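Same chain, two partners: subunit A is paired with subunit B first, then with subunit C.
And then the complex of A and B:
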């Protein structure tokens, strides 16, 4: 407990006045549930859970938090895999699930305006009967679209458009001092959210800050026209360097929506192989690549498909056992679960059924030698700690950078295993950082390590910005080395 | 460590709180009435599992609030369909086991639910009615109701049809008589135990199961027919957990029985409705809990003049009526809030009649029709069918 009992009651009553009795809790069961997530990060109890319904309520809660100098941690589903909603210093967890409206679809400029509680599932349903598509992570459908964008997520059009913060047109945000600010073209006109505009781009004050600088209450995100032709292909191969070479070539060709290169262990896990048994067996191919592309016309589709086949031939020359098939064909061979890759968002049930799920996920260079070296180093570390070698990588933004991560399931039943996973992730971080890999959705411990290693002037500037925006240090404290 | 927590220990560690159970998988309409209403993580299926974990690890202590969370769930089982993890089938079992723990600790059930147990102990029904009045529903009807010592079919009427929804028992009789089958009812029938099992009050359950099985055995029936989805689920899936089932005895919901009669051409309906549009609500006990989705639809579609127009959330994904799991008695207003959502969904089909196959659903949906001033008419399939006889 942060406060004396009397102050606690006082805050509780004031919070109840703001949002209504039923939307505040300090019951032990809620405090426990919001104190941890599916990762290995140690739990930490909040003091209150508050569920606002409106921007006005959020502003009042922020003012109250300043008055009592208690922390506020925004939360939507806690599916971020970085332990980012664990309230490291206690305080209020602001559960934004009730603010879940899709406010607008602008068909001219192709964007949507959403509230924080909108999940990928909600958005997919909303867009179903429109001519537009969004792009989805391999996260469970019940994860916040807005938080995913704020955290620079990697989704299935990220090869085209970059990480998800790059497709934000504008936001409305409550600052730690309680002011409501609009950023992007919406700062001039309520009805124009078409871009960040040519003005100084202040969006960076909120992206990747993990709720440390503002609570975003509205966000405009780009959507794209659905294409009449869309297809998925699948490559199985053994030569990692050559596979990455053709993956990079395809990424740079500007014709693909998405390319995922995974280890065969990942595919086995997705297909439902039980925990501990997703291993590579003698004689099996090592690498599995999914290729997603679309076209406006049949002719365009065929031309793209020709290019893919030609590029694949280059792999085949050095990796004669490599095969190229349709995902539907692969699904027939390996089971229908495989076809889920064509129907995002989906839940990889077998990854999420042992209580624990984590990874060190990074963005890094597309240099092939570095990537191949990274895979080798990481696999050795994972093997040493006794987990499965489930690699999941994606070319980003036309091949300008690369997403390199693992999907690590584990059991939370035994503390020994949780501790082993902590050690694994630390060792992965340290070795991958040396190769130039930067962990996204950066957990507090990794951020602290980065701060020790990075440009100190960057750290000073970051602290100055934080201090200016949040003088009482109440927004998600304990992250990025800021107390 | 309590029985429930030990029995399901492994499953309690399966849930990552990924949230997939919070709506219909790949369709994304609401699935969980409890989560939708109360919104805190604790009220979703995963929340209950993690509360159990907290209790198991000694991080939580039993409290009235925890009891309320556990009982604020109509045990509709929608989460068991949407969850993609290996424990999905057991979520409701875990919730019910926790309820039993709450009762054994003297914390549960909810006050109104205690009355069921007393009434069942004294009068073998949860409605505080006299056992002697169990067959009063057959008074003042023209149909003859057989009470034989031996019969091929035992019609297990159930407490709700015996005391509250008598017209369902009467309509069932009318159909069985028309079919000319060899059946009987019995004044010695006792509550099937469903209200007790759903609310964790298990003390009397063994006696009820034993008594009812003995009764069926005495009659020598080869088929037991129920017109109540709750009785059906209890006899079919819960009884075997408490006793050895009678060999060669088939438990059938009336719609399954009628489906057999339609397929063999034994049920003929000479009259016809005039272009009647209906929609159908899958009772959780019949659908998700027992996997019976087609039989009621086959029967509806066989009724001359009737067109079935489906709601968006049907079969495995059907929105619960809100009456089950003790919610109707424990949270009266909320139960009707849940069924009101179903009524709105039914209204969107522009049908005249909302059908179901469970007297309990019928009561709660009827309450919602009143609460929302809806023009819909609520009927059981059996009642609609009997109108043509």
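And then the complex of A and C:
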């Protein structure tokens, strides 16, 4: 407990006054729910859960937190898989789910303005009857669109547009000291959120900071025109280097929406094979690649498809058993679960069924030798610790960088297993970092490891910025080595 | 959590899922499958699989025993059929799908796969 009982009651009453009785809780059962997530990170209890409905309420809560110097952790659904909403130092978990409006779709400049609680499910439904599409993750439909963008997520148009923070046009944000600031062209005009503009770009003060520097209350995000033709193919293969080589070639061709290169174990997990049984069996293909592309005309579609087939032939020469087929065809056999690859977002059910789910997800170089080496090293480590080798990678931004990650499920019932997973993640981090792989949605422990290894002047600057914005150190403390 | 009793290899899962689904959807197909009594080996170029049809049930395994029928087909040709780019008949006539044993069961094999896909 952070405060004396009297102070606790005092804060509780003040919070109730701000947001209303029913939107504040300090019930132990409810605090417990916010104390942990699906990952191996140790739990830590908050003191209060607060669910504001408006920007004004957030500002009042922030002022109160400054007065009592209690931490605030912004939260939407806690599905970040990095332990990022676990309140390391207690305090207030500010659950933003009630702020869930899609405020505007600008069809001229192709963006939406949303509140933090808008989920992928909401957005998909909203865009269904429009001419626009968004960029979805393989995450559950109930996760936050805004948090995904703030964390530089990797979604199914990220091969075209880069990670999700790159498609933010602007934000409205409550600073740790309670001021409300607009960033992007919206700083000049309330009705123009079309871009970050040519002014100094302050957005970086809030991206990937995990709620340490501000609570974003509105965000403009790009959307893109739907294309009349869209198709998904898949490849099964054995030769990793050659498969990766054609993946890179296709990524650089500028014709693809998305390319995922996965291990066959990942496909098995997606298909619902129970925990512990998603392993590679002798004789099976090792790698599964999904290819997503779209076109404005039939002719354009056919030309793209021809290019894909020609590129595949290069793989076939080296890996004669490699096959190229359609995701829709495979879905006829495997059923709806496989078809979900064409219909993001979706919940990989069998991934979350066992209580534990984690990853070391990284962004890294696209260098072929490095990737092949990375897979080998990581597979050895995962095997050593007795988990499933579910590799799940994505080419990013026209092939400028690569998302290299594993989806690791585990059982949370056994502390020994949780501990083994911690060790595994640490080893993965250490080995992949050596290869130039940077963990995204960086867990606190990984951030501390990075800080030990990276440019100390970067660390100093980061601390200075944090101190300037958050003099009382109340916003999500304990992250990035900042107490 | 539902108990999973099917195969765990990538092609076995495909055939198991499709067969199970089709049997649920189509009672006539279910009756047909449940009355088959044979060991059908599908020799893909990755690895062979056995679909063991017994009274009222079928299982898929990678342990091959007492084959009644052996069908050899490349995975790509198999997937072309699934994709609708080709058909069982065309693959058979073009010698891309060969019966190494049990050709007399040709029509049964045809019915198993054509309905399943």
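Quick note on the criterion: the second predicted complex is superposed on the first by the 479 of 483 C-alpha atoms of A that agree within 3 Å, B and C clash if a C-alpha of one lies under 4 Å from a C-alpha of the other, contacts with A are read in each partner's own complex, and residues count from 1 in each chain.
Definition applied: a residue touches a chain if its C-beta (ideal position, glycine included) is under 8 Å from a C-beta of that chain, and two chains touch if they have at least 3 such contacts.
Since we're looking at a predicted model, the values are computed, not measured.
Asker: So, does A:283 touch the first partner subunit B, the second partner subunit C, both, or neither?
Answerer: A:283 contacts subunit C only, not subunit B.
Asker: Classify the contacts of A:124 with the two partner chains as first (subunit B alone), second (subunit C alone), both, or neither.
Answerer: Only subunit B; A:124 stays clear of subunit C.
Asker: Check whether A:321 is in contact with subunit B, with subunit C, with both or with neither, and answer first, second, both or neither.
Answerer: Touch status of A:321: second partner only.
Asker: Should A:236 be classified as contacting the first partner (subunit B), the second (subunit C), both, or neither?
Answerer: second
Asker: Looking at A:362, would you say it contacts subunit B, subunit C, both, or neither? Reply first, second, both or neither.
Answerer: Neither partner.
Asker: Considering only touches as defined above, state whether A:330 meets subunit B (first), subunit C (second), both or neither.
Answerer: After superposition on chain A, A:330 lies in contact with subunit C alone.
Asker: Could you figure out whether subunit B or subunit C reaches more residues of subunit A?
Answerer: When the residues of subunit A touched by each partner are counted, B comes out ahead.
Asker: Touching A:185, do we find subunit B (first), subunit C (second), both, or neither?
Answerer: A:185: touches no partner chain.
Asker: Quick one: classify A:267 as touching subunit B (first), subunit C (second), both or neither.
Answerer: A:267 sits against subunit C, while subunit B stays out of touch.
Asker: Indicate the residue numbers of subunit A shared between its subunit B interface and its subunit C interface, in ascending order.
Answerer: Overlap of subunit B and subunit C footprints on subunit A: residues 353.
Asker: Once bound in the complex, which stretches of subunit A touch subunit B?
Answerer: Listed in rising order, the residues are 22-23, 25, 27-30, 32-34, 37-38, 49, 51, 77-79, 95, 97-98, 119, 121-122, 124-125, 140-143, 343, 346-350, 352-357, 411-413.
Asker: Can you list the subunit A residues touching subunit C in their complex?
Answerer: Listed in rising order, the residues of subunit A that touch subunit C are 236, 264, 267-268, 271-274, 277-279, 281-285, 321, 323-326, 328-330, 332-335, 353.
Asker: Looking at the complex, which residues from subunit B come into contact with subunit A?
Answerer: 10, 13-20, 22-23, 25-29, 38-42, 47, 50-51, 54, 59-61, 63, 65-66, 69, 83-87
Asker: For subunit C, which residues are in contact with subunit A within the complex?
Answerer: 1, 4, 8-11, 13-15, 17-18, 21, 45-47, 62, 75-76, 79-80, 82-84, 117
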